[in-house]
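Presented sequentially are two complexes of chain A, the first with chain B as partner and the second with chain C.
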Partner chain A sequence: MIRAVRPALYISAAALLLVLSGVLVSFQERQVVAGAVSLNAALIAGLVLAAGMLTAGRLRVRSGMAVLQGMIAGVIVGLPLVLLVLLERLIDLRFVFANLTQPVGATLLFSLELVPGLLVFFSSCLLVGALGGFLSSVSRRTMRITVFSLAATVVVGLVADQLDSVIAPVDGLFIGLALVFGYVGSDIFGRDSFWMRLLLGLFNGAAIGFVAGLLAASGGLVEGGGLRLGHVPPAIMILVPGYSLIILPLIFGILGALGALMRTTPRMISTFVHYGGVLVVILTLLALRRGFDTFDAVMVLAISAWAFNTFPWRIEESVRQFNGLTVVQRRVVRVAVYCATLLILVFAPAFLGQYMTNVLNLVGLYIIMGIGLNIVVGNAGLLDLGYVAFFAIGAYTIGLLTTPSILTCGGVPPEALSGELVLTTCTGIMNFWQAWIVAILASGVGGLLLGTPVLRLRGDYLAIVTLGFGEIIRIMLRYDDFSPVFGAAQGIANIPRPILDLTTLNPAWYFVFDSEASMYYLILASILVAIFVASHLGNSRIGRAWRAMRADEDVAQAMGIRLARAKLLAFTIGAAFAGLGGALSATRLFGAYPDSFSLLVSINVLSLVIIGGMGSIPGVVLGAFILIGLPEVLRELSDYRLLAFGVLLVYTMLVRPQGLYPVRYWQASAQALSR
Partner chain B sequence: MTQLLLDVQGLMKRFDGLTALRWVDLQVHEHAIASLIGPNGAGKTTFFNCVTGFHASDDGEILFRGESLWGKTADRVVLAGIARTFQSTRLFGNMSVIEHVLVGMHSRLKTGVLDAILRTPFARREESEAAQRARALLEFVGLTAYEQQLAERLPYGLMRRVEIARALASEPSLLLLDEPTAGMNPQETEDLMRFIRRLRDERGITILLIEHDMRLVMTISEYITVLDYGKKIAEGTPAEIQRDSRVIEAYLGVMPDEGGEFGRP
Partner chain C sequence: MTPIQTQEMRARRQPASALSRLIRNPVQLISAIILLGLFLVALRNVLPLNGAAEYQPDQFARQLIFGLAQGSIYALIALGYTLVYGILSMINFAHGEIFMAGAYMGFFAITAAQETGLLASDPVLALFITLLIGMLSSAVVAVLVERIAYRPLRNAPRLVPLITAIGASIALQQIFLRLFGASTRRYPDVGWFVLPNACPALGTQGLDDTGLCRGIDLIGGRYDVTVIGLELRILPIHFLVFALSLALMIALWLYVHRTKSGKAMRAVAEDRNTAALMGVNVDRVIVTTFILGGLLAGAGGVLYALYNQQVSPFIGFLPGIKAFTAAVLGGIGNIPGAMFGGLFLGVVETVAPSMLGLSSQLKDVIAFGLLVMVLIFRPQGIFGEVLSSKRG
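And now, the complex of A and B:
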């Protein structure tokens, strides 16, 4: 019995902790569903539901008993909270728990009086617990669908007001239509011919595009026109000059073909596209409405329940179809998917707006660092806790080389020079591109220098030394005695944005990377290069050597792998990636400041590598979006980012030590080798 | 007599006061199957470790084809043409069978960092040739069917074969096998014995093995060296070794007919 209720006890403790630490109180204002469900209610309900499910799930009893078990779990979680509210009436909890800005009762009692409030709260706990118990007694599939849909609704609800401007309804509508018509329509004449299917998809999509073009040409886009649904102007049709009746069908035709292709894709792509497609539909529907009220919540719940219900087998079917394709057809699928991904990535800033692009850029920088650290930790197995140091080296190199500094002014501190003299003395100022290369090289050399003395260290010792190295670099940058060079706590300011001057090729080609969107492209390109380099290295003789070294150093050496060389290479390349990211970060923020290179950055990068899956590049991307992107979008939660990190790390270590997106090199290599 | 391949003279190894190897001399001729035997703790594996560069020996000379291996690290020794397996299987937990073989080829491949990053035609060609050779090798050891499986999930006997394949991948002329039959049933041992002969006959690889299975040792070896307490106490053909009183004493403790207690097994 105790064993059975143990999860409920844990969850009960967690709930108490959340309440007493003031987390719940601060969530009270945040609405998941406007006017109906606040975040704290959703959180408590989620905890009770989980408790009910886990308790009943452990006993594997009949449904009647399961409901009872769930209710017991509800009591276990709810009763302490009820007692807490009563206790609060007697003594002032804020005396001990300073974070409680409001009485606990205020958040738990549905703004009712004490007695009716407690009754309602307690009975809802019972009810939700019973629901949890019931869910665990029905089939696993039903349970999964329910839980996933509920979770999806809460997440969408939380991000709804931020994603408000993500997609214009008309864009979403037509993209969705083209994809769906391509997807569904490709089935009309049987499922057997791949090319026929592709052609049908193309045709269907093009038809949609033609309609869109006609509507646009007949004045649908002007203010108040039929295509001006919602409050965001459509992006695609405005991007296309002259509302061309050729280009729009072409674009949407490609989308339709893509929709048709989705019936024959490998698992990862299929999963991504199916759920991504539903997300587009949901966002489109939400874009038509402001806010996120009960109606929207029910709609999202219904759509996601449908999706979680039918998509698993659709995805299986798609994978099965893909496996039946010829080599050429598979290549078509792959190339199409690459092109589509690239297109989405290229057009993303146009849809996402300033704030989201900013978030993407931050995520992108962490992806670059993650890919670098992944080589050091994930491939070579060298635990580096001072990784931020190389990021700092990259940033400061850019700072020193692209602004008037002691380096660029021939050894004279620029403060000593008057305005006129700066121009004549500081002749060493480089443009971003030159400085970038120097920054990457400098970080790489930094990695080499750190790597050399620590070659013999393993595991914990290596972690300690690298941790120290990271701190040394940060403190050195802050140090007052070095302020003529590094600017001490003020850092280096006024770092210019990159300028791409191609006027020798074409007089019009003069680009200043002055906006977030332009930085996005620079960062995107850097990520692509980083992925290119890292994946090629990882799937080569060098990468094999690293993985062998990570698995067993002695045996690796006995196979002819030179450990010193392999380790230094990993350190150097990993550091160079950090330098590349650091340089971008400095120019993005117009400055390099010592306090932005704290240990926390190293820990963040390490966490995203671990959570994503050691050695896995898709894992790094996923990890960066979850660990860096999500807290930025869920602003209210960002205070508790570290708490969430901790929970997520513990969860990963316990339940999925291989990470969310584990790498399967033995399969990857099998694919590579069988080509 | 054929040419000397491995010539170890006066090898000495101490661990903090414990002398693991005491002036050990050992010669292996080209194309031979030789064995190194002795009771537990006699220093056999230490001897392997010294020859393959895992341990730095304290004194003595190790000549391989007349060239000194003294002071060379393990990766250099592989390059010279000596490969080894380990007493307990030490496979890479994150790799498929064929990847093990490819790692084994590491020292024979030349793809550098830039080649790998840019995936130059040279790197591609080398990689596909390496894969071909790896497949051929897997066929030779009979692991073709398991090529893409995670090596650590294979049955024990197959894991040992992966280890041997990995060692063979470095194209050695001398293969050191550290207790290859440990944990095998009689049938597997029989198979392995035949396999070792094939290695020598078909591939011309000289074999030096540490083994406890006396039947195997006596049948397969052409020359046997016996170590006890880090000292060489006997060497010769199987027939000679079987008659050698010091060997019997080492294995059975004091000679039974002289009375006294039994020593180490």
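And now, the complex of A and C:
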């Protein structure tokens, strides 16, 4: 019996935890659907729904019984909360549960009196639980579609404020048109010719792009022009003025080709294009109507239900189909995906605005660190808990080399000079680019030095030693006696932004990376380089040596792999990646501060590597977006991110040790792990 | 060929003397030079070379007492690490948080005792209840962690339970943070007065707020005393903590060596599979181990909070790491070793910064440095028992 309702018990505990930690109180104000559904209602409903589904799903019973099971789950989740509200009337819980700024009852009772409120709350728990039970008894597909579209609606509702100016309606319209025309128009000739379809899609898309270019050139989209909708200026207008008749057909041609690919090729492409198109539609909707009210919610629900219904999320099948293609087709598909991704990434800051660009930069820095740690943890199987130390070394190297110091100020400490004098008379020892290389090297050397003595240690000792090293470095950076160099708790401030001076090639090429958007491109380029290097390393001789070592050290050694050398290389290269990221981070934040290099950063990076999938670079990217990006976008949840990381680490290890996006050779290593 | 390999191979060929090994390995040599330098600095500070020494004997005695109290807490936590490691060969990374849970729940218990007036009327009973609740809640948390995060992964490769342990540690800390708030909470002042006869000897120091002398205050009192020419400030709580910890450790020792369950535990530590074949219920032994570790950590938590007078969700991390250091220092898996290691670390950490003339900011560096040094050079700990290299 207990076994049967265990999911409901876990969820009940989670609900109690959420309620007692004051989450609901702080979520009360936040609306998912304006005027209709608040975040706390969505949260509780989601929990009860999940409890109902999981409990009934576990038993695999007929639908009547499933509804009953769902209701039982609803009781299991709802009853403790009801009791809590009653208990709260008797004694004040706020001394113990300090985060409860308001009584629990205030959030749970639908602003009714105690008895009717509890009745309504309890019956809605029953109802939602029953719904969950019912959903688990219908076909799996229906259940998935319902749950996914509900979740999608809630997520869209939560981030609607940040997304309502991503795409101008006109842009959205043209993108949609290009995709649809590419999709429909490619069907004119024979059904089998891959190239014909591609060409037709390209052509159709280009035609749409040409129309867009004409409109843009004729000024039909500017302020006061006939076609301008919504409050966002259309990007096709401002993107490349003057060249729009060439550039726009090109861009939309690619989109049209993607639309054509939806027909012929594997589900992988079609799935992605399909969901991309749906995303564009939703974003266009959000941009057309600011705010997110019931109408929008219903629309998004309908659109996503349609999307999930027509194109169910079947990654395995997509991958299988993709692997069935010819080499050339595969290459075309790959190139198309890369082009599209790059296109989106390059133009992302223009669409996303300041805040989201900032978030992307943060995610990007974590991606760089994650790629580095992935080499150490994922490839070589060395658990490094002091990874942030190398990040700090990179940041402080940049700080020391690019800010005015006693060496460049004619022997006078820069503090002694007045503000303007510092700027005019002394610069850093190096410019950013030179210092960046030094920072990467310094971190790498740091990894080498740290690695030499500790790599003999077995896995868990290694983790603790690296943790100790990380903390030692942080304490040393904070240490008052070193303040002339490291600035103690204040750190190093006024680190300049990089300047790219290519005036020798072209007098106009003088770029200062002074905005978040410009830093975005620097970080993007670094990520691309990092991914390139890491993936090539992973597939090289040393990469295979790492994986062999991770699977079994003794066997690897017997096969002639020099363990110490391989480990040291992994450690050094991983550290160098951290240095690269640390340098970027310091220049992005205009400073290096010791308290930003706490153990938590290491834990964050470790979490995203493990949850994303150890050894998998796409996993790192996915992990960074989910673990770092999502809490930044859903600000309400950011307080609970660490709690989520902890729970997710345990959960991942228990249920899905290969991570969200496992590497392909996982099958083999999964067997090795399950020994 | 790297120095590491050459060293390993040489060690295999002939048992080289410690000195020649030291000279051949650059890392060890550098570390030895650093240690020697530190020793010389300490010597200079202690010896009265030119005029008075910078480091006075009474300072040392004062720090020694504090260090022993602090160290006995580390020892209590370290025992939990050592017990679990001895049985499962895994580092229970969440043990620091288990310690914190005891301190926190003890806080609620003692506050409730204060509210109901029990603390004023019968401080001994109130303290006993506090200690008991702290110990029990730590044990419950330890068992929960074992059940949820470790048991399903018992046969997984070594890194997997370590990762879940890190996850459990973060999750526990965050759960306490979210439930009970981020603010530091103050333990109430406790007065446990004994020996009213000592009042005349105490003089004005024995008077409480109301000007009365009720005896020596074992919890909140602090007395300036001169013993054999050393001016000491004595906090009886330090002795109390030390004595209680010692009592608990002796109880653990007796449990492990004198009871049937303890014998089963030692059997499982020796060889889990053989023990299972001999009819030992391994699951039950493991749960017992976690309960024991939790009880000791909970007691440590309450005592720690009693003399620091404050709790927060973050107090578990540092003592946890330091206690792990202590466990390694004494040879992990080795019960007397953990006791010794805890006391040693407590004393070194308190005495070393001022003896070396370092800022107290570097107190934690000493602990971490010791951790790193021990793990690198003597992972089997001071009392031997080679577990660290390749077992498992």
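Going forward, the second predicted complex is superposed on the first by the 603 of 675 C-alpha atoms of A that agree within 3 Å, B and C clash if a C-alpha of one lies under 4 Å from a C-alpha of the other, contacts with A are read in each partner's own complex, and residues count from 1 in each chain.
Keep in mind that, in the parts below, a residue touches a chain if its C-beta (ideal position, glycine included) is under 8 Å from a C-beta of that chain, and two chains touch if they have at least 3 such contacts.
Quantities reported herein were computed from a predicted structural model and do not represent experimental measurements.
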Touching partner for A:A575 - first (chain B), second (chain C), both, neither: neither
Which superposed partner A:L286 touches (first chain B, second chain C, both, neither): neither
Chain B versus chain C as contact partner of A:L606, first or second or both or neither: second
Which of chain B and chain C A:I523 touches, first, second, both or neither: neither
Chain A residues touched by each partner, larger count belonging to chain B or chain C: C
Contacts of A:N99 with chain B and chain C, given as first, second, both or neither: second
First, second, both or neither for A:L383, with chain B first and chain C second: second
Partner chain(s) touched by A:I464 [first = chain B, second = chain C, both, neither]: second
Contact residues common to both interfaces of chain A (with chain B and with chain C): 562, 672-673
Residue ranges of chain A touching chain B (in the complex, touch as defined): 532-533, 536-537, 540-545, 547-548, 550-552, 554-563, 569, 573, 615, 665-667, 669-670, 672-673
Touching residues (chain side chain C, partner chain A) in the complex: 2-5, 8, 27, 90-91, 108, 111, 148-149, 152-153, 155-164, 166-175, 178-181, 183, 321, 324, 328, 359, 361-362, 364-365, 368-369, 371-372, 375-376, 379, 388-390
Chain B - residues contacting chain A, complex: 52, 54, 73-75, 78-79, 83-84, 86, 90-96, 98-99, 102-104, 106-109, 111, 113, 115-119, 123, 126-128, 130-131, 147-150, 166, 170
Touch list for chain A against partner chain C, complex: 17, 20-23, 95-99, 381, 383, 385, 452-461, 463-465, 467-469, 471-472, 475-476, 478-481, 562, 564-565, 568, 603, 606-607, 610, 639-640, 642-643, 645-650, 653-654, 657, 672-675
